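One chain, chain A, links the two complexes that follow: it is found with chain B in the first and with chain C in the second.
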Partner chain A sequence: MRPLILGRIHVCDREGKEKGSPHELHKFTVTNQALIEVKDLKTHFNIEGTWARAVDGVSFSVHAGEVLGIVGESGSGKSVTALSLMRLIPDPPGRIVGGSVMYKGRDLTKLSYEEMYDIRGKEIAMIFQEPMTSLNPVLRIGNQIAEVIMAHEGLDEKSAMKRSVEMLSLVGIPDPEKRVRDYPHQFSGGMRQRVMIAIALACNPSILIADEPTTALDVTIQAQILELMLELQRKRKDAAILLITHDLAVVAEMCHRVIVMYGGKIQETADVRTLFANPAHPYTRGLLNSIPRPSKERKGRERLQAIPGNVPSIMNLPTGCKFCTRCEVKLEKCDTVEPDLVEIAPGHSVRCHLVSEAQQ
Partner chain B sequence: MLQYFVRRLLLAIPTFFVCTVIVFFIVQLAPGGPLEQQVQALKAAAANERGGGGGTGMGDQAIPPTALAELERYYGFDKPIWKQYLMWLGVSPRPMESADLPVELNKPRQAGNGLTVVVTERNGTYTVSDATSPGVPLEGWQAEYQRLSAGTYQLRAFKTEYAGILTGFFGKSHRYQEPVWDLMISRMPISLQFGLIGIVLGYAVSIFLGVTKGLNHGSRFDVISSGVVFIMYSIPGWALGSVLLVIFSTDAGLNILPLRGFESTDYQDLELGSKIADRLIHFVLPTIAYTIGSFATLTMLMKNSLLDNLGQDYIRTAFAKGIRESRVIWLHAMRNSIIPIASRLGSLISIFLASSYLVEFVFGIEGMGRLSFMAVLTRDYPIVFAFTVFNVVFVLVGAMISDFILAMVDPRIKFK
Partner chain C sequence: MSAPLLEIKNLKVHFPVYGGVFQRKVAEVKAVDGVSLTIHRGETVGLVGESGCGKTTVGRALVNVLKHVNSDVYVDGEVIYHATDGTTTDLLALKNRDLQAFRRKIQMIFQDPYSSLNSRLSVKQIIAEPLEIHRPDLSKSEVDDRVRWLLEKVGLQPEYALRFPHEFSGGQRQRIGIARALATNPELIVCDEPVSALDVSVQAQVINLMEDLQKEFGLSYLFIAHDLSVVYHISQRIAVMYLGNIVEMGSADSVYFAPTHPYSKALLSAVPEPDPLRTDKQRIILEGDIPTPLNKPSGCGFRTRCPIAQDACAKDVPVLQHKANGSAVACPFVT
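Up next is the complex of A and B:
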């Protein structure tokens, strides 16, 4: 049987080649031990004959115990990056065309489907943006949690169900003994995301990938859900969380380090304090400027600054800097020459001609 | 949920009556009823007897009015239509033909079975009683004057009975002079065979094909099988049947399969094994013709349903959990994909009436299709009404079964 068709993914990407050496990430954070190391990852999608480069040469590593954030607008390649780590890219049309994802000495991009079954859910777990549709509507909640436990820990159904109850109570669902017998439609959106977290944490994974876990939820629920994800690190000190979001407030709250993506490439990466205090890339600055900051002072009541224009079409990306079509400070060569990702301070790298030139 | 279905069942009762009333009245409104047809036949017979040109000038008066009145009475058209409906339902007594005898007032008359009846009159009402005890009403007997022609009446005594669909009596066919029930039962095996084979084949092939196509969406197999299924869908069964007959059953072709009928003429004399074989070879071509168009809808429904579910977020979740592909497909995706298929299962109940007039016509099979179609043409009301009853009941019950199955397979559906 052919590799399975997964859901449709919104693909937006760009042209242009990654030049220079893969970026070495800085060793700030809780530990220095790289849990997973992504090198020059390229995931492209074949759209009517042309290859769209959704992720084009992304390198980073996730360290044990940290929360790494990936931010960017829709279509910047952050979700595709996450799905590539899990090898959940629907093929066709998508394919990981290059790079490596090293995890415990093995390259995940080279593993067989058979071998990936033991990685997914057990070593790397993932929760998704849409809690309303991410659970199977015709299976009981308990079975959906027990399924992952039975698949990876070889427990029989009875003890797996017992664990399901424990997991439900861990994620704060009241009356878990009864609720395991319920179906997803009997849960609210926030409750369903709790169930998703229960499934993700069921086998104590070393990495939890959360793809916009709070986007679809009420603001009042968001903090609770984020707090629950940290539960993993309470259970397992060396576990890491890869948090994908477009919400900079969530990043500020949760992350140790941040990667800013645009056009399928990393544009800037830094620890969270540096990024907020001293953003170097015009895109990062644009993102930060578009956050409303309520203030009584005159300055705070100024008009919110939005980044002009839209994310360019995936089939029609600039050859130079991916951000040049919207950049307010672009140089002439930005149109044609793609800048390299340059380390401007320990742990702080930026892909921008302006910044590179100022350095020299 | 039980409450819901009880309510549905109660609601089905008025629906049933409304349907039957509408059909009962509309069908009888159409001209050219059995009476007219009978009259035409008599006229034609009379014209033949006269040698085609006797020129006696009788013309339209060929049927004596008394005979016409007898015919009317025979068919029950002498009663108002609402009374006919009640009689058909079985809530109003209908005269039994066997006990319809002309009598004279106060004169005993033999009524068969050693019974002698006498009709007495009192204050304008007529009482039928046993001749041994006049005046005491005889259970189930009635007497009334029948109008024969202008100014001519005949007193009749007749036994009545409650016989209608509510008592399980569907009347007697005008055309065949046999109880409708017997006529339908005798054709039931053909329908069941058509229906069962059609359904088993249809569902087995369609589900298998739909799943295979869904998992190989866009492949060469998918495209070609879609083409084949739609070509099959577009060929009328009877047209294909004629072609198949020429190929397989005539001297011009292979001549290996029987040309007509449902069984051989010597069927009754065969051994059990040969009987089955005989039925089978008679059934090959009609079954192909009957089922040819039935794959497309179900196959496409299955394929699209599976594809749709494979693209859902929860499938990605299942993969992200590290669940094996086979389990993801067969448990997660299939469990959801069969919901639209399962909701159609209720209609299976109508296999008892499964038929196709044209296919039966081409293959010379006396099945339900021919029975019902000819009944409409010849205004054989009891048969038409019987089919109406069965169809209405099957549709109502089928819908209920469908809903019940749907509630079984889809936990999101709750009936209140």
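Up next is the complex of A and C:
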């Protein structure tokens, strides 16, 4: 089992691949070296004259070697955060109105469009939720992968196509020499998502942003794709994955650290074990209680504890705590005063008046 | 176990595929290929499987709308309705006119709360539409009263009757869809992925509502979904489908915690656990994708991905073997 070397990714052949539960990941110590540092990011959308604050003051950093999860419901701002990092916010109506995204000493929000071309796909790559619509239907799979390689590494078409074949076999597509000549419609949903991953990893990015990568897929295919992402992540300790999802179970299996977003703000952030064992924010607790947890003893007797009400529209968020309209333990000041994100334990921060008062 | 409500016997649904210059029928997609399933009164049966396995088609065959999509669709088998007085009727054999009386007993809730409500109709019109068809004897004020009552039952304010669907969030729209399904006093509701388009925090509300309504009205549900933990939560029995056939069926506990068919095992093991401390779970990762029902493998449909496949699997389609504990599995090589 001689490892092939493709760019900087070390690949074992398929029999020789290291097997293990995703949780073995937690044994790796995450380095403290921040790959990307987001500070007070604000992305607003102008909708018929009013500004919707889709992302309103989000700060976090992604460290080398970790899988960082962002969870939230629709309208929480999780996808807009990811698109802002990639500078893919359509302007108009959207605009990054404040904050900074520091990557290798450069602020990505200040770069010109031409400079961003060199970042996208090479330094930071992204895979999207819809593998059906994110590939170009009239181009062969091989050309779509080669396009990235030719743009960033200046290879000629022939060697770029050779790399495409290697990338396809890396993501586990059988018969890659033949399949590079196929069109996207000849691939199934799971295979298209593998192709998306192949395109994203073609130039060895340091950060892979995965925006709901498995939401459109079946569970057995989801397991394949998540396993593939972890396998690739294990091979590169200096890279990181930013995983955006609404599925807490996927977070539990994949991530080291988790950010919970609601109403365009970070409500809670902690490492994954603390978050699931010790959720502090009423919203996080509500979310964790509302998912069914199959157990023989409780079957038939247990009612799900739903969070009352609906997710507020970003056009008209409450002035105080964003969750106050649905919170069951809210205080009087929650309606008017927005709580700060307070660190209650090392690495565990919460945005809630109740929690910060209990701390004092 | 309570009395049976609907008995599906050897249901087959084949869709035509057209091709060539003259758009002639060139092939058939065997979406459902011999499914037998009984739904009892007051019971929830979960139907799970990956996309393309035919679970939605089973649901649609029950409300018998497939022939209206295209008259070339081949539907065979029996769907026997058991009335409370003991009489039985084969719904698939009925003419459209005679079917009307049974339609109101089986209603449907759809996956997408955005496209399943007519955006040009007010909530009142949406909920009243089935009443106009099935209960022409009701006066206008009686219909009004019933709409208000239904809205209250699904947890919406009666004043919302005059609003339009775009004014509601996804969860509220799904409540409207449930009110519409309840309007005709159905006995069975076919729920096709009723919560998968909803936000996590809203899913639980809708599931709780469905459970409450079931208790209050003695409804039966055929709950079609791909989210296995939700299906386990709401169902008494679960049937697992693969490529048009049921491969395993049994009580929710036995299918979820002790699956025996190699496909059910792999499917259940693929479900992510919402607990970062659970590390004991053995995951079976299936190779490849579900084959297309256009070109099914001979014999057992699962043999191309099955970890315990043998030569004999290519010969015969395995039949569901019933076991002592009431469960059934379509694989001769497991016990």
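In the analysis below, the second predicted complex is superposed on the first by the 323 of 360 C-alpha atoms of A that agree within 3 Å, B and C clash if a C-alpha of one lies under 4 Å from a C-alpha of the other, contacts with A are read in each partner's own complex, and residues count from 1 in each chain.
By our rule, a residue touches a chain if its C-beta (ideal position, glycine included) is under 8 Å from a C-beta of that chain, and two chains touch if they have at least 3 such contacts.
Everything quoted here is computed from the prediction, not taken from an experiment.
K.L.:
After the superposition on A, what does A:286 contact: first (chain B), second (chain C), both or neither?
P.N.:
Touch status of A:286: second partner only.
K.L.:
Please name the chain, chain B or chain C, that touches the greater number of residues in chain A.
P.N.:
Touched residues of chain A are more numerous for C.
K.L.:
Per the contact definition in the header, classify A:158: touching chain B only (first), chain C only (second), both, or neither.
P.N.:
neither
K.L.:
A:253 in the overlay: touching chain B, chain C, both, or neither? Say first, second, both or neither.
P.N.:
A:253 contacts chain C only, not chain B.
K.L.:
Figure out whether A:303 sits in contact with chain B (first) or chain C (second), or with both, or with neither.
P.N.:
A:303 sits against chain C, while chain B stays out of touch.
K.L.:
Answer with first, second, both or neither: which of chain B and chain C does A:126 touch in the superposed model?
P.N.:
After superposition on chain A, A:126 lies in contact with chain B alone.
K.L.:
Look at A:222 in the shared chain and tell me whether it touches chain B only, chain C only, both, or neither; answer first, second, both or neither.
P.N.:
Only chain C; A:222 stays clear of chain B.
K.L.:
Just which bits of chain A does chain B share with chain C as contact spots?
P.N.:
none
K.L.:
Show me the residue ranges of chain B that touch chain A in the complex, using the header's touch definition.
P.N.:
215-217, 307, 310-325, 328-329, 331-332, 335-336, 339, 409-412
K.L.:
Once bound in the complex, which stretches of chain A touch chain B?
P.N.:
Residues in contact with chain B: 1-2, 4-8, 86, 88, 113, 116-122, 125-126, 128, 130, 133-139, 147-148, 151-152, 183, 185, 196, 199.
K.L.:
Which residues of chain C touch chain A in the complex?
P.N.:
Result: residues 50-51, 169-172, 199-205, 207-208, 211, 226, 228-230, 232-233, 236, 252-253, 256-257, 266-267, 269-277, 279, 281, 283, 285-286, 288-290 of chain C touch chain A.
K.L.:
Okay, in this complex, where on chain A does chain C touch?
P.N.:
Chain A reaches chain C through residues 21, 23, 26, 73-74, 174, 188-191, 218-224, 226-227, 246-250, 252-253, 272-273, 276-277, 286-288, 290-294, 296, 299-300, 302-308, 310-311, 326.
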